[in-house]
Amino acid sequence: MKRIVPLWITAIVGLVLIISNFLPGTRSWGEEATTWFGIIAAVAFVLGGGSLLKVHLKKISDRNSGWAYSMIVLGTFSATLAVGLFKIGVSPNPAFPDVPWSGDVQGQGTPFWWVYEYVFKPLTATMFAMLAFYIASAAFRAFRAKNFEAVLLLGTAFIILLGRTFAGYFMTSWIPVDGPFSGLRLEELSVYIMQVFNTAGNRAIIIGIALGIAGTSLKILMGLDRSYLGGGD
Amino acid sequence: MKRPSSLLQTNSLLAMLTVMVMISGAFAAPPAPTDVVAEDLPADGGGAAVVTWTIPEGVDGLEGFQVWRTETVSESTSRVGNERGAALLAIQNQAYANEYQRLVDVEGVAPEDASMQARAVARQAVIDQRTSVTPTETGPHGRFWVLVDTVSDDTDRLQVGKLSPSDEYRFMVYTVAKTSDGGVEKSAASAESGMVLPVASGIDVKRLPLFFILALLCGAVLFFIYWARSGRPITIRKIAGLSAVDEAVGRATEMGRPILYVPGIQDMDDLQTVAGITVLGRVAKTAAEYDARIEVPTSRSLVMSAARETVHSSYLAAGRTDAYNPDLIYYVTDEQFGYTAYASGLIVREKPAACFYMGCFFAESLILAETGNSVGAIQIAGTAMPSQLPFFVAACDYTLIGEEFFAASAYLSGQPDQLGSLKGQDMGKIIVGAVLIVGCLIATAAVVTGSESLMHAVDWFKGSVLSA
Amino acid sequence: MNRQQLTLLSIVGIFVILLVARAFTGNGFGRIYVERGDASFVKVEVPVLDTPDGEEAEGKADGVRWTWVDASSDEAVDFAKAESPRAAWESVTPVSPRVYFEATIANEALQAAAETAYAGAMTGVDLGTALETWRLALLEKANAVAAGKAQPAVEVNWAALRTAGFTRKTSISAKAGGDFTASLDAIFDAARATGESDAETTFVVADGRGTVTTTADDVVPAIGLSWSRTIGLWLAAIFTLAIFSFLYKDNPLYKTAESVVVGVSAAYWMVIGLWDMIVPNLLGQLAPGFVQGNLIPGLAASDPNWAYLVPAIFGALLLMRLAPKGQYLSLWTLAFIVGTTAALRMVAYIEGDFLSQINATIAPLYQEVVNADGTVNGYSSFWASVRQITLVIGVLACLTYFFFSVEHKGAVGKVARVGIWFLMITFGAAFGFTVMGRIALLAARFEFLFDDWLWLIDPMNQRSAAVAVSCLF
Amino acid sequence: MNLIDRMANLDRRWIFLMMGLAVGIPIIVIGITGKTLPEEPTPLAQAAFDVLDDLEPGSRILMAWDFDPASEGELGPMATSFIRQCAQKGHRMYFIALWPVGAQMIRSSTSRVIGGYYPDLVYGEDWVDLGFKAGNEAVIKTIVTDFAQYFPTDARGTSVDAIPMMEGISSLANFDAIVNASAGYPGSKEWVLYAATPLKKPLIVGCTGVQAPQMYPYVPNQVQGLLGAIKGAAEYESVVNKWVRSEQMLDALESGGITEPASSELAARFAANPSEASTWTTEAAAAAMSPEAKTRLIELASAPTPGIFLEAQRRMGPQLVAHLLMIGLIIAGNAIFFATRRRGGSQ
């Protein structure tokens, strides 16, 4: 029972969605299923919040090391949740001022927006920006021209790095634009690499992945691959 | 700074043309097409109809035909609504202007007050006259028509797309001919066609090639799965990097440091995560045998439970259920960088001896791999994300590139299903190679020899088989 | 001193120098100004124009409709009655510091001018001429004051402004910001017409001298510092630096920032999921009346669609994962999710990736490039053909590398090796592009620190250029 | 410990510092001088511009903003320029987001561009913000055939039935083009697979540098215009800026009484060389122009482009220095690697 029901759900949903591509009469079934999927995806956000709460509450009650940080997580979590769920400080929708809950919780000036603008945004953006530093460090310590393959990788990277800035233009601007060697200008060369070599490599990867996805999807829908239910079989 | 909509221009142009046509048509209009028939396009996805007609005989200077269709209910509603709105607005403006003028000139009311009173009067005028405004609803045959398309003089058939499958349509056709003085004239409207409902049919024929190709690829996979299940051997080429798993786990045991396993940051619906969990099963089993501690922070709660079950069964298989600690497999956060920050912090704090990154990765790949590198861990990565491969290739000891990752998962699991499907996919690649070689050669031959039939063959193949 | 300390010192030092330099030059930094106003609405009955005949939608009976309008709109002036329902709240609009500075300069100029009394005779007979002369004199003085203000002053003497006759509308508003001539003219125009500009501000001619007085005692400045946003900006800057501090070393500040981002993001996603998806798309189908009446009044009311009980149940099952028992039930939902994505991807990847990519690769190996005059360009044709041949060879070689059924030996091995070369070039290109992207992101963060927070640079022209440069040199 | 050893064990924080300076200093220099490096558009950026330019004014453009603040550095300038081109051209814009934070990205880019520079565009008639919907590719798959199923209201809670520009929109097929700014999944790849390929709609993609290489194979059959990373943004930005300036000059010339063919020719000429406009207006041919139109023309020619439309071009400065640093670091790292290896081998 624990295994059979999910397998049937997967198979039925999958079958409906696949045939809705080919039998126009069943198209609306597919639409319903994908809309439900979106709703469930939104519920998954709630699940994410709930799991977070559970994990950190446990950490605090166990007095695990770093439980103070769990307090911070819980504190910011509940504060954000409160201002968002209860629409604290949100003015009503100007078209319906008599409905107090009609306001836009993400609108500029609301406390929820404040959390986004001054906490969420700088934190996530800075986390991402740190990559520039790591990439520099990796360049110095990890990218070695160990063999021919690595030389190809690094050489291509150099051409792209130079060709996509003013430096590339500056270095090879002496090559005439309409002469037979115009293709050697770095900005031209980088375009050529992208459109031929990169396209060829990525095309093979894309075709391979498409086959892999089709194969795996098939196994999942037929119940041959049950790893998503946990466990190997 | 919007330029005037050219739609308006075309409309007025059309109106002018119609007027011109009407004027010249008064002299000697060409005969209208006959036998106008409209039918639903068979075997399609709905929303298309075919209109046919008979070309009238002996028309001098025949230019082509105009096909018109009836409005749908919603088109009529919105047109009527707009026309009524415009009419009422005109009434309101007129009433306002009259009343304002009267108040200011005759009664000598101050402008501000006059404007206020006039607006009230204008408002009442709208309310009073709202029922008296009836928009026009005329055209040939007592209907309102929409121009669909104009076609050339030798055409007697038009496939009309972009119709609504839930609305009924009628069609009519005009003959357009050149007059002797160089102008253009239009015939009277043809008789209208019967009602047609462009419904979707049972099967969309245009998409059948896609269905067959899908069936072919799936068939190959299924065939080899059953082939493998029947016990026939399936060889998979050696995948460098897999043998390193034991080495890495062994080293972690020696050093007494934990193993970090990151199954990507996507949910269980991503196949890479599934493959990552499969590999986790193997790594956990080895870890259980070696008695090494394996820690799995996950970015999705579903992945957490899948990972727990997988690791649990691995420990079970290794006979070490006592050592299984579900608390080491836990959910952190869905947020990409919240998760990355946690995981990289963990690496710095716990200094794992081996790090596995198997799954779907985005920007965090570099942070994780670089941080892992800085604590001197053996790192093994596997992902099908092409953008992250250069970093794993550079910063990890072994990397499973793209499909190699899926192959490794199949290889590790040793299940006939996995191996068979891998073989089936290889068949797909053979098909791709063959089609590419043959296709390119034929296309080249077509260009070099200039053969029309070869060119048509290539175009047909590309147009209807490869783009369903 | 070891190298670690030196590094730390360098990083901290650079920021401290920047901070100190900013703090002691120019006119402050890291502030956000807003203009406060009233958003007030009134419910009125207005005529409906665009309902098609015979359709009487709810609330649209008799050709009129009850609707909320802005209290200052024409409809409100025409149709509002004393008993009409009203609602109001404070509206806050951010303005760039430049607007604030310009308004301040303008107001100072205006104030200086208005404080200068008219020296000549001012009698009822030639009041008009006298006023005009005075106006020109004041304008000249105001211009001189404004011209001397290369550096905007930050302190605003509101008391003085009040005495000078400023109300919120005539002086400091974003619209009139910087244009003191307009403000002055408004006062004078009022003075000419009635001797009174509004109820509170009066232009008085007494003893042959003109003065502007006001009786208003609580004039609220429209543009001013927003404390909540300014604190927010500083918090954002501190968080930014806290994350960067990890580059030096893991530390409590970073861990705090990390915890904050974990907590905030989980809650953020939950809130968005609820208000943007669950409420309109699920509750809006199951309980349209409730949602329309209380949460989304703009939603078209309809009958409940009970089919949506299915996703509701699946959603509830998913949440069973949090419950102590019956967690296996969440697998049902998982099965739905997995089944949907697997089916969607199977078809889309075969159609959009597999077939379309084969389609794009099939092309004549010999590419003819024709010149404008119709002749074949041999040189270009050659390179175009080479390009196409390379592309096809590359795709085939890379596919061979991803072929798992055969050992990479002999001819297959050689082709696979060519495939690896193509892949490495591909990865090199990916590497180059990724570097590119990462640096742009860092640049954006630095721009935030230097522009929004420290006011070192001013690319958006939000403050006067003089302020930015003066702090550096 | 000799130099090579010391370099090989160089604390990575020194590299971090170098990177920080390589990015930070150019930003300050460019911020103060206001100078940017010249940009030559590549065919892909030009193609992106042409697709939107070739559509009739009033076309319906779906603007899918699938990114978050983390990628705003790269995609923000693209979003800005996309909106600018569509607003100037008079296209109708429909914004949607598949990322939870995308809704905020829509708000910030529309308020910056439409609020700041095209205030005469009417919400609900010229542009509409439909907000975020959960479901990733399922959203795209659904709206390909049924739009209202996923979007019963806009982001402000107004029913789509009450929004004038939503009339006649029942599915993605009703749009004339799709513009996507994407930072990952779901994003450009999903729009290619689920929308552009089955519907055969023009798709313009602005994506992060990370995604760009994978999008190249789709050009030009499945993706018509591709902007990759900040370089793509800078190129497109410069094309749009030039075009907007010439459009504005065209308006000034036409309103000043210059006949249509002459004015478009002149506008193109002045856009290429703005300083010419001020000298040209003294010529005899300009006599027909009204003085107001003349002043307006000179103003347009000499006015600097607003800062928000130069964001990407400004960022190319730090980009250049940082790229050179990266190349230097790789070469230095390899030099040290080979030096230590050789010595290690000789021992």
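By letter and in written order, the chains are A, B, C and D; residue numbering begins at 1 in each of them.
One rule holds for everything that comes next: a contact is a pair of C-beta atoms (placed from the backbone, for glycine too) under 8 Å apart; a residue touches a chain by one contact, two chains touch by 3 or more.
These numbers were taken from a predicted model, which means no experiment stands behind them.
Two chain pairs are in question, B-C and B-D; the one with more C-beta pairs in contact is B-C. With centres set at the average Cα position, the gap from chain B to chain C is 29 Å. Centre-to-centre spacing of chain B and chain D amounts to 22 Å, using the average Cα coordinate of each chain.
Here the CA centre of chain A is 20 Å from the CA centre of chain D. Annotation: 18 Å between the Cα-based centres of chain A and chain B.
Chain D has residues 12, 16, 19-20, 23, 70-73, 100-101, 103, 133-135, 138, 141, 150, 155-158, 197, 210, 213-214, 217, 229, 231, 319, 322-323, 326 in contact with two or more other chains. Of all residues in chain B, those touching 2 or more other chains are 210, 214, 217, 267-269, 271, 301-302, 305, 332-337, 341, 363, 386-387, 390-391, 393-394, 402-403, 422, 428-429, 432, 467, listed in ascending order. Residues of chain A in contact with at least two other chains: 21, 27, 34-35, 37-39, 41-42, 44-45, 47-48, 51-52, 93, 95, 102, 106, 108, 116, 120-125, 127-133, 135, 137, 141-143, 153-154, 157-158, 161, 164, 194-195, 198-199, 202-203, 205-209, 211, 213-214, 216-218, 220, 228-230. Shown here, the protein chains touch in all possible pairs.
Note for the complex: chain D touches chain C at residues 11, 13-14, 16-17, 19-20, 23-24, 27-28, 30-32, 34, 70-74, 76, 100-101, 103, 131-135, 137-138, 141, 150, 152-153, 155-159, 161-162, 192-194, 197-198, 208-210, 212-214, 217-218, 221-222, 228-231, 306-308, 310-311, 314-315, 318-319, 322-323, 326. Contact residues of chain B toward chain C in the complex are 77, 80-82, 84-85, 88-89, 92, 116, 119-120, 123, 126-127, 130-131, 133-135, 210, 213-214, 217, 234-238, 267-271, 301-302, 305, 332-335, 337-338, 341-342, 345, 348-349, 363, 386-387, 389-391, 393-394, 401-404, 407, 422-423, 426, 428-429, 432-433, 435-437, 439-441, 443-444, 446-448, 458, 461-462, 465-468.
The touching residues of chain C, when paired with chain B in their complex, are 46-47, 49-53, 62-64, 74, 77-79, 246, 250, 254-255, 258, 261-262, 265-266, 269, 321, 327, 330, 334, 337-338, 340-342, 345-347, 350-351, 354-356, 358-359, 361-366, 368, 392, 395-396, 399-400, 402-408, 423, 426-428, 430-431, 434, 438. For chain B in complex with chain A, the touching residues are 44-46, 200-204, 207-208, 210-211, 214, 217-218, 221-222, 225, 267-269, 271, 274, 277-278, 281, 300-302, 304-306, 308-310, 312-313, 330-337, 340-341, 363, 366-367, 369-371, 373, 384, 386, 390-391, 393-395, 402-403, 406, 413, 415, 417-418, 421-422, 424-425, 428-429, 432. If you check the complex, the residues on chain A that touch chain D are 27-28, 30-31, 34-35, 37-39, 41-42, 45, 93, 95, 102, 104, 106, 108, 113, 116, 120-122, 124-125, 127-129, 132-133, 135-137, 139-145, 154, 157-158, 161-162, 164-167, 169, 187, 191, 194-195, 198-199, 202-203, 205-206.
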